[in-house]
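Each structure below appears as structure tokens.
One chain, subunit A, links the two complexes that follow: it is found with subunit B in the first and with subunit C in the second.
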Partner chain A sequence: MAISLKPSQKTVELVELTRRWSLDVVRPYAREADTNEIYPDVPEVIEACPLDVAPVGFATLRDDEYVDRAHTLKTDIEFGPNVLSVFMTEPLSQGDSWAWQMLHGGTVSEDFINLIGTPEQVEKWCTGEHVLTAIAMTEDQSGTDLAGIQTTAVRDGDEWVLNGKKVFISNLLECEWIVLLATIDPEAGSAGVRAFILDRDDIAKFDVTTDKEDKIGFRFIRNATFELHDIRIPFDRCVGGPEAPGVAAALGVFSKNRATCAVWGTSIARGCLGFTEQWIDERAEEYSPARLTRIRADFAEMHDTLDDVVRLALKSAWLKDRGENAAATACEAKAVTPKLAESIVLRCLQLVGAEGASERHLLEKWYRDIKMTDAMLGPGQVQRRSVAQMLLRGGAGR
Partner chain B sequence: MSASFDLTLPDEVVAMRQAARSLALGRLDAVAREVDTTGQVPADVAGHLRDMGFTCVVDSEFGGGGVPDTHTQLIGVETLAHGDPSIVGAEVFTGGGALLLSLLGTAGQRRRFLPGAAAGSAAAPTVALYERFEPSPRAYDTEITRMPDGRYLVHGEKVAVALGGGADHVIVVGRDPEQDVLRAAVVALADIEVASAPAQGHLAMSSAGLTRIRFDVTVDADTLLHDEADGVTLAQAVARTRLLPAAVALGGATRAREYATRYATERVAFGRPIISFQGVSFTLADNHMQLDAARLGLWSIATALDGLDDDRLADEVGRTVAECHAAATTATRDAIQMLGGHGFLTDHPVELWYRCTALLSTIDCDPRFTRFAPAV
Partner chain C sequence: MFDLSPTAAQQSAVEELRSFRPRIREIAREVNRTGRLPADLRTDLSRAAGATPEAVADGSSVLLDPVGLVLVAEELAIADAGTALEIIGAAQAQLLAAALGDSAAVERVGALRAFGDVALGLYEGYGRAPSEYRLRAERQGDRWSLAGRKDPVSHGADASAVLLAGRTDDDASAAFLVEAAGVQVERDDRKEGKLALGLVASAAVRVDGATVPATARIGASAEEFTVLRAFNTQRLLVPAVSIGLGQAAVDTTAEWVSGRKVRGAALGRNQGVMFPLVDAGIALSRARLQIWDLASRLAEFDTGAVLERRVGRAVAAACAAGTQAARIACNTMGWRGLSQQFLAEARYRDAGVLSAVDFDVLHHNVPVIEAA
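Coming up: the complex of A and B.
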């Protein structure tokens, strides 16, 4: 029996290459991304990335594409795309988070179509040159609980007619197309929810009431609020068709992405920790021996903690790659990671002191950013609820 | 206050707290976002805060409201911070000099600086207390050393010095290495090197103008504050000054907990108000209990300020402050969590409180008394 939790040497090398890209190429634009509240217009940064597909998108590649991609990346395919996705997400945001979403497959909207769309939809929307996409799920009264979605899609001949309101929608004004969740049967709860594809011409008809929400972190991602008034789209824009599985399939997408979303948080925390270790090391002689010992013990504890939660995400990804039920382990990783990652960033702030909380450094930005990772794909308390429910059903997995 | 265990607040403190809460929720709350953006506290708000007499304490002899006892000041500051911890925190930092002068200033220093501070016509000196690498006052790297000619050399570096109030003098607190005691000297800002731009923003308290300063200046002996006056030592006054930001953090965090509790009773998910889920209600209950315990710890150390030697006092204050900041940062982060995606938006004030408690926790943080605590 040979249990192994380590990546191959080739993958280690690719991780390091990606980490250096994030630290050396992405980080210099981090403050600009935060201040201007938009992705910096530096395509050379994206071109310099060792990856041409965002790790979160690995799992939606066809088998032959994944093999090709692995060869291109000069890594092994000893493990499946979900495990590779977790390994490669960990270095991605250590410099800063703004860049990787510009990579192909960086948003969940393509996942929706790749996983539950018709072959024609996959061909039309998910192949060819990369474009920025978006997804519209959240409403005032509905976040994680999709049963609360009130935006409606009503069939009218060869068209769907959409009405409702969406809030907190990332990249709406920058994207080329968007996947929007609406219910075709308001009485059916989550079972009535379907995904619809709307292109740039459709988006132009939205009544955008807020084009950029003021928010605490990830300010480079613009979030919009908009209303839909009798927006008509072709019938074939319903992802997978109206008879396809509704919310269950949609949740399947989130289940896969929860593990990588969790590791997004560890990536930010690991970058923050690296910065702080270097800052302290350069001033080590200033500290009393007792404090320095305490600080270094904390550093070791923080690294161990990050390793712990990354392993939870890897386990989930491994189960997913084997075709087993990974939902519970994905929720486990997503439940515990953001809070721990956030507490690591706070600890780093405190160790650097008041200066760490100033704009002189990026720590204060990362403290604002890291909080965002907790609500994405459902906050920790909802993940715990999901894990508990699966335990009650005896389905939390191995 | 009573010598035996008794948490009953005197009638005048109850009345004061009611007035402070009215100001907090009636005015500070309303201008919090504007102050966060502009870094400017409206004149009427600054006036109301000054009149309250908790953030800028001025002896009644010079037109102020008098020096409240430590408990009363802690309760007053915490209650005001319900309105906005950033505004109140900034005022506590900029007003710290008035407290030290009221407690330990020489007659000349008090005559020179306090009347203007009481009237709002001039800023009292601000305080340079905190250091980058040495949180304990007993071991401050800043030195105030007597020279052969009787003057004093003031040498060192300080962080989180609030220059946003317009002070042109700074009370520097440091160690006298020969006498092994704390000293405090009033130094002209013109003689000080500003090591970081005051305009450089922090996570919160934008009106404080927090700045890092360096100094290597010789001052006359009459710039030194008394080491002790009316039974209060400089070490005790410094300890009291360190407790105030912790009270601010508790106030902001308590408001965050209240806000999140109300939201959780109104927000419906999975068919019922989210407060009915134990994941939500137990978290809020934990926050409440931690804040309550921290507050009692704060009141406890305030009772004991005059009964501890200087070494013990510095460490006990460090521990108490650490406990308050841990409870406050946890409660504000959990409050955002209760609001889900709405918590990130500036539509709600919770993100202000999250940023402020984090900033406060960085300023007086002794790694010996705090540690990273993994929860997996």
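Coming up: the complex of A and C.
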């Protein structure tokens, strides 16, 4: 053992392949994805991805499953799957973000089932052909605070009866099945919350009040608001069963996802930098030597700053791979990255000038998209609050 | 391959040094006031840190690996920044000789250390990286004539010899071992006093055409990049110490606010109090990982310019994080943060000195921009 933050050569090669895929194959459909507010219907783009699985899904792969189309088994990875996940998320959105969510394991619903589901549930819902899935957690009154969930699940014989309302749910109308969080004991706070699996037939019975939230960015992801009125599902759809320790035990997926979400932001910013560097290079003669020198120094500093925050995410992933508490570091990465990434995208927009704000280019889209990464899994204030609590308990720091 | 685990030797050194933390903290204010570290403690810490002449000479010192140097420096600085600089600083000239592959010089410097400190004259102030050092060595027959100024130099005024980093007349980086008699002391901080870090006997020294034999050049056969890398490696001590003192500031302040009651509730329940502390901790984490990454791949940079930009940036980030943490600690503790009953104000002063030692305007934003 010795401290090293270098990826293996194999990882470097896979990162570059993935980066090229994102730039060359994904980016050409970025404007279409934004304008039509839906994933473009181009399965060949997904088939061309060097990865078999979205990086956020690496950790829950079985040992005999592949992480990429070159057939690298999970067990072939020189370091843990969470570290690989961070390395591989970095190139994924440099072309644009729309495509990677279509990859297998792109949402945390499979993670929930893999982590706390019964073997039968894992077999039924998490194996076989890839389908798009979703997760319904957020509620109007409490956001993503588990303890505040008011959607109820009441047992009635061999069924569960669900009532409540969920907001801002991604991919509801496109997914094949959804994991929905509801409480079986409203007095018990987060301890009463369980996860339930609902299939397309169940989703068809939802009272969808908004099928597509109008929002600033990531418009290719449709977010729905819906109500549940006496929706009945079979008893075996409770993930892990009602006696399982509850979904709080599976919330570790979010500490992992905070790190990858942070790197999602650096990936967008890195793509912006690449675009803008090329734009400036093509017009280098239009700048005074002093300004060109300053701009190039700024580019170097912005790349290095992104490296700084990616290291925080890598540390969190490394701790997770070792079975150690990664929550504080994950929150640290998520706390600082969106603001930095936003400032970099803004600087790119400024460097290109008024033309950068035009829909002729994608910069204006990325400026809108990057804002989304702050709110996802909790904005900076929420992350700082979590770190503060851990710091007071002596659970944060080095 | 990616791994954040230290080697067994590094881990062992860090853990042993940690066991000294309470004692070092207990006497930190006193040793930095008097400038004297108890002899038994100096011996124990030097051994545990791998800073003895014997450990450097026989290759067993963890400080020979740049990662080991930053880990040990941070751990010691969590106890006291002055102690960290004093213990590791004493070995730096010999470590530099080792990095230049000059085993005879390692022995020579090691032998000299038996009679007193061998100082390392590295910094020149005013934002100069090693490739820009203005201390010049001019070849005169079989001797070298040296001219230039170094500031600060630990034990520059009382060392038995000084290892001076500079450049030759054919613009190569080089190091020269000069006896104390050949060096003029321009400023002795022990006599004049200084803001903090009183344990470190810093000074500014000058050589004005002193001539030394050709054998005074250490690592004469080393390639240019090897010499630059060796100089830049020793620059990692200051940022590692900054991170350590900053971490101490964050940890002790967090402990304090969790016990301090204000209007019936722990002060730490106030987000306005905690968020700046959290941000200070995050800045330290970023700086630490940056310096670990840098230390573990110093040999990989293909040009001196890239290497120096990386080191300069790491120094700036670590010193900024250290000063930020020390400043927030003072603010959070109110009057107690300013009182000499506590170490918060001492860390604030230490951080100020450290951030000035290797300051480079190229790597720092104008402070009014950040403050605004």
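The criterion applied here is as follows: the second predicted complex is superposed on the first by the 381 of 398 C-alpha atoms of A that agree within 3 Å, B and C clash if a C-alpha of one lies under 4 Å from a C-alpha of the other, contacts with A are read in each partner's own complex, and residues count from 1 in each chain.
By our rule, a residue touches a chain if its C-beta (ideal position, glycine included) is under 8 Å from a C-beta of that chain, and two chains touch if they have at least 3 such contacts.
All values reported here derive from a predicted model rather than from experimental measurement.
S.K.: With the two complexes superposed on chain A, say which partner A:G274 touches: subunit B (first), subunit C (second), both, or neither.
M.R.: A:G274 contacts neither subunit B nor subunit C.
S.K.: Is A:P28 touching the first partner subunit B, the second partner subunit C, both, or neither of them?
M.R.: So A:P28 meets neither subunit B nor subunit C here.
S.K.: Identify the partner contact of A:P242: answer first if only subunit B is touched, second if only subunit C is, both if each is, neither if none is.
M.R.: neither
S.K.: Tell me which touches more residues of subunit A here: subunit C or subunit B.
M.R.: B
S.K.: What is the contact status of A:S288 with respect to subunit B (first) and subunit C (second): first, second, both, or neither?
M.R.: Touch partner of A:S288: subunit B, not subunit C.
S.K.: Looking at A:S343 after the superposition, I want to know if it touches subunit B, subunit C, both of them or none. Which is it: first, second, both, neither?
M.R.: first
S.K.: Quick check for you: in the superposed arrangement, does A:S4 touch first (subunit B), second (subunit C), both or neither?
M.R.: second
S.K.: For A:T329, using the defined touch cut-off, is the partner it touches subunit B, subunit C, both, or neither? Pick first, second, both or neither.
M.R.: Touch status of A:T329: second partner only.
S.K.: Who does A:L351 touch here: subunit B (first), subunit C (second), both, or neither?
M.R.: Touch partner of A:L351: subunit B, not subunit C.
S.K.: Intersection of subunit A residues contacting subunit B with those contacting subunit C?
M.R.: In subunit A, residues 301, 304, 308-309, 336, 381, 384-385 are touched by subunit B and also by subunit C.
S.K.: List the residues on subunit C that touch subunit A in their complex, please.
M.R.: Spelled out, the residues of subunit C in touch with subunit A are 1-8, 10, 67, 71, 247, 250-251, 254-255, 257-258, 266, 268, 271, 274-275, 277-279, 281-282, 285-286, 288-290, 292-293, 295-297, 309, 313, 317.
S.K.: Looking at the complex, which residues from subunit A come into contact with subunit C?
M.R.: Contact set of subunit A toward subunit C: 1-8, 78-79, 83, 87, 300-301, 304, 307-309, 311-312, 314-315, 318, 329, 332, 335-336, 381, 384-385, 387-388, 391-392, 394, 396-398.
S.K.: Per the contact definition, I'd like the list of subunit B residues that touch subunit A in the complex.
M.R.: Residue positions touching the partner: 130, 132-134, 139, 159-160, 196, 200-203, 210, 212, 268-271, 277, 279-280, 283, 329, 333, 336-337, 340-341, 343-347, 351, 354-355, 358-359, 361-363, 365-368, 370-376.
S.K.: Mind listing the subunit A positions that touch subunit B in their complex?
M.R.: 138, 141, 143-145, 147-148, 168, 213-217, 283, 286-288, 290-291, 294-295, 297-298, 301-302, 304-305, 308-309, 336, 339-340, 342-344, 346-347, 349-360, 364, 367-368, 371-372, 374-375, 379-382, 384-385
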